[in-house]
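Alright, structures below, take your time with them.
Both complexes below contain subunit A, partnered by subunit B and then by subunit C.
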Partner chain A sequence: MEQVPAKNEMASHSPAWNIITSYNGPKVRIMEVCGTHTHEIFRLGIRHILPPAIELISGPGCPVCVTPVSFIDEALLLALEHHVTLCTFGDLVRVPGTKMNLADARSSGANIRIVYTPLDAYLYAKNNPEQQTVFLSVGFETTVPAACLAVKKAYADGLTNFSLLTANKTMKNAYRALKRSANAFLYPGHVNAITGTALCESLTQEGISGVITGFTANELLTALAVILTKTKEGRPFFYNCYPRVVTQDGSKTAQSLIAEIMEPCASEWRGLGIIPQSGLKLQPIYKGFDARLRFHLPALTGRSDPACRCGDVLQGKCKPTDCKIFGNRCRPEHPIGACMVSNEGACSAYYQYGGNL
Partner chain B sequence: MCVGLAARVLNIKNGIALVDASGAKREISAELLDELDPGDYVMVHAGIAIAKITNDDKAETDAIMEAL
Partner chain C sequence: METTITLAHGAGGKQTSDLIAHVFKKHFSNPEFTADDAAVLTIQEQKLAFTTDGFIVSPWKFPGGNIGKLSICGTVNDLACMGAKPLYLSCAFVIEEGFPLDQLEEIATAMEKTALEAGIKIVAGDTKVAGKGQVDHLFITTTGVGQIMSEAHTSGANARPGDAVIVTGDIGRHGCTILLARNTYGIDAAVTSDCAPLWGAVESMFTTDNNIHVIRDATRGGVGTVLYEIAEQSNVGIRLNRPAIPVDPAVKGVCGMLGLDPMYLACEGRLVVFAPKKTASKLLEALHRNKYAQNAAIIGEVTDKMPGKVIVTTEIGTETMLPPPGGELLPRIC
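The block that comes next holds the complex of A and B.
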């Protein structure tokens, strides 16, 4: 399983490379908030060049991973008892609910369709007016605009057979909740493409440091070098290392679309519990598109496998390899926890790339 | 599900852009971006273009390291 580091993609002996490999300062804990960062860092072999004083830990930035078990249970209820058509991103299908996952439900006859975008779910509802269609709306600021666009179009068309089961999340209060987990965050660049830089810039006043970064070898090495250099200065810092995608203002159009369709609410994160004002739900005017209200869903309390340590993994409290069932009972082809399901999950990254670092 | 794709716009009509993401062609919504032209690069998430980007990470990171 061990991968050969993709060194050819890395500018070895570039200034950033030299800063990282010659680092001999105090221990620095850096949290990769975004699951795609975790995977790219593994794939590129960046962990192989880090001195022992630099510790990379995984964070809560995979939407599939942070979605709680109760959300899957709600989706199962909609599919099996209300007989709706569920439209979902593919990863969610294999996330275990309390008793089964959505793939099991499909084998029992539930109508579950994998979509690439919420707009496909809206089109399916429009073309199948006799069928109640529910989109499983997970994801952060990057994905929310597409879900909002789908609701806006459904509203304009007067659709009465389309709704969202929402578990959308926003990052700012999660950074606050994880403040003590790391010395600095690698902020997820694409969230900031929507929100702009102000969101993370303002966190320095609360003692939270980090840099926004992209996903190429150059960008990741540069971000790590900036963190090491700024950490030495001893003050909370912020740096935008991804200016080709992230601007100060972000996307005003996306921000106003989100504000028009959704409003902040408390939200449950797997492992982190309920974080105030960290979720999004539909604005009152669009509540006709809220699947929980349309189908009068009861409040559910999901239960994960007692051995699963996803909650600790998502907070950087343990490594996936510290979980007793990692690689034996829990594997990508048979995931026990959400972090082993998605390609962005930390457990799946550790499994895929050898789990030895 | 959260993976963003950098893609090149091939053509654009009525808010729908045909893009090329590393050889895979796909139609996406371009409703969030104004003034998009063929040849531009965009970041795509969940079927919509979320930002117009430049495709050169080298110039970007060189400038950051120089400023450091």
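The block that comes next holds the complex of A and C.
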């Protein structure tokens, strides 16, 4: 059995802890762009130790939170009118569309299957050749390779009943779009494990600062301390505080798989609008696997609940608790906005961990 | 005799009696095992605990046990939580047509062994066969009777400020084992279920010091759910010390990968015990001598602040709320 450290041992002895708690410089806004970071920061109660000058913003790092309403509407159209089988990651079924969510559609008879990897969707299509199967392809560089692999296999098998509704996203241009929302980013360790460090490193030339970090208490505190120390120096900076996992080059295999199957495109982010070159769609030779083309989907503009302030939350313009319907009309068991759906969403994390306890 | 279960095995005729003779009687035999319509039990004037539980688990066999062992442990542990010595048990099987007989025997053998260990006698049973596809392999329902020790007064409503909170071992193993055994995640990790009969552990606690306020087994919903239930029933606050909560490193690793909290994964061989602090340290010594409770630990205390809530002191010394239980456990997607 693991030996557990005595209570507070790490907290009171770590230099990072001291740097953070004794910080008295100018105001610093730090944005985490990974849902897992958001969740861990809440679980560890890191916000409670921050002096008022340090503000943590939960940015657009959870794939569910940035999925636009129109994407859910497209999925609903496929399920209810084209009667396809939708394969999706679990959290997505509770994201509100304009009129309903996918869970509602399932209750009214739509065929919606929860899968854990895109390969399960491909296998389902292969085993059920009479059934058109669409995989709802959301997620960042971490999940894209598996979706690409599914397409590659379906192509090799000549499947004609498998396609992807893509809403995949890449982070680089999101950092640019969010540049003014924060002084520094906590870069997502999982994503950088795929993309490598070069991308974030080059952003310093555009005045964008940040630190790649992992997910333990120690890793998170260290990264915050580095940001505070470096911000004081006043120059844009980049540090890799997660070298045991993230290398300079990242995963070449994953990168070339993505480049082989997909290409960049403009993409809509919930609350942030359309960001150029921030999404991925299928390469022309794989366009037979694009659900939008296969089913001639019209361009849809979704409408979210007017009270929902997810977009402001994602940009740090307000706290979840500033949203009028936080905790009353919008709760994890009945989410109105996407940030309340996944337990990595900012609103959900705020709610579950007792807000400003 | 055939090698798989057929509908005829459930029809009540010769094949049914063959099945009972060859599988169930063989493994469950004791003087009170009934061939009649009901078992006859002799119980003196006593306070009894009486409980029933249905078991559906997919896959039916997993590292550390199978549905048979689980069905005995579940009922034995429910009785044990009331301070009741397990006495008699009945079991009802719903078996899918086509289920292999040797596997049924494997399940019956596990039941026999576990019942023997727990000191409970299987005295009555029922077998039904359902058509192919109507059940997932087999379902088992067990019902148990136990004799409550005169000194036992445990209830979820009895937690009091000043009590220590004990768990009798590392948490979340059964839930984690089942998730992995379903093989949907492509994760390989050496995790075995904690499924175990716990009457021995409970008895040793009562013989050490009977000032025990609450005993609950942390099955579905895990330790987190049980703590919230007790906080509410007793109208007290609970404060946990996160670093003191025992979690197997492999379970921690899997939870990290899937974004799950072991506090909300099921256990099948773990109790949550509330007792005044002085009693608790004695109980802990007794538990450490039991083979299913060697990693028992005090993980927190009861307070009169924030009744109904569970607060966690984290590994870095901050305080957060334990997210209240709710909804399905969904692994994260990035």
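Everything that follows uses one rule, which is that the second predicted complex is superposed on the first by the 344 of 357 C-alpha atoms of A that agree within 3 Å, B and C clash if a C-alpha of one lies under 4 Å from a C-alpha of the other, contacts with A are read in each partner's own complex, and residues count from 1 in each chain.
Note that in this section a contact is a pair of C-beta atoms (placed from the backbone, for glycine too) under 8 Å apart; a residue touches a chain by one contact, two chains touch by 3 or more.
It should be emphasised that the depicted structure is a prediction, and the values quoted were computed from it without experimental measurement.
Applying the stated contact rule after C-alpha superposition, one finds that A:L159 touches neither subunit B nor subunit C.
Contacts of A:G45 after superposition: subunit C is touched, whereas subunit B is not reached. Residue contacts after overlaying the shared chain place A:V226 against subunit B, while subunit C stays out of touching range. Legend: residue contacts after superposition of the two complexes on their common chain; A:W17 is shown touching subunit C, with no touch to subunit B. In the overlay built on the shared chain, the residue A:P118 is in contact with subunit B alone; subunit C does not reach it.
Applying the stated contact rule after C-alpha superposition, one finds that A:A174 touches neither subunit B nor subunit C. When the two complexes are overlaid on their common chain A, residue A:E333 makes contact with subunit C while staying clear of subunit B. Of the two partner chains, subunit B is the only one touched by A:A254; subunit C is not.
Applying the stated contact rule after C-alpha superposition, one finds that A:V245 touches subunit B and leaves subunit C untouched.
Residues 34-36, 61-64, 89-91, 116-117, 120, 138-140, 142-143, 190, 215, 221, 342-344 of subunit A lie at the contact with subunit B in one complex and at the contact with subunit C in the other. The residues of subunit C lying in touch with subunit A in their complex are 170, 184-186, 241, 243-244, 246-249, 252, 256, 259, 295, 309, 311, 313-321, 323-324, 326-328, 330-334. Residues 1-2, 4-8, 10-12, 17, 34-36, 39, 42-46, 48-49, 61-64, 89-91, 116-117, 120, 138-140, 142-143, 190, 215, 217, 221, 332-333, 342-344, 352-354, 357 of subunit A touch subunit C in their complex.
On the subunit A side of its complex with subunit B, the touching residues are 14-16, 34-36, 61-64, 89-92, 116-120, 138-140, 142-143, 145-147, 149, 190, 193-194, 214-216, 218-219, 221-222, 225-226, 229, 239, 241-246, 251, 253-254, 257, 342-344. On the side of subunit B, the complex with subunit A involves touching residues 1-4, 28-29, 31-34, 43, 45-48, 50-51, 53-58, 60-61, 64-65, 68.
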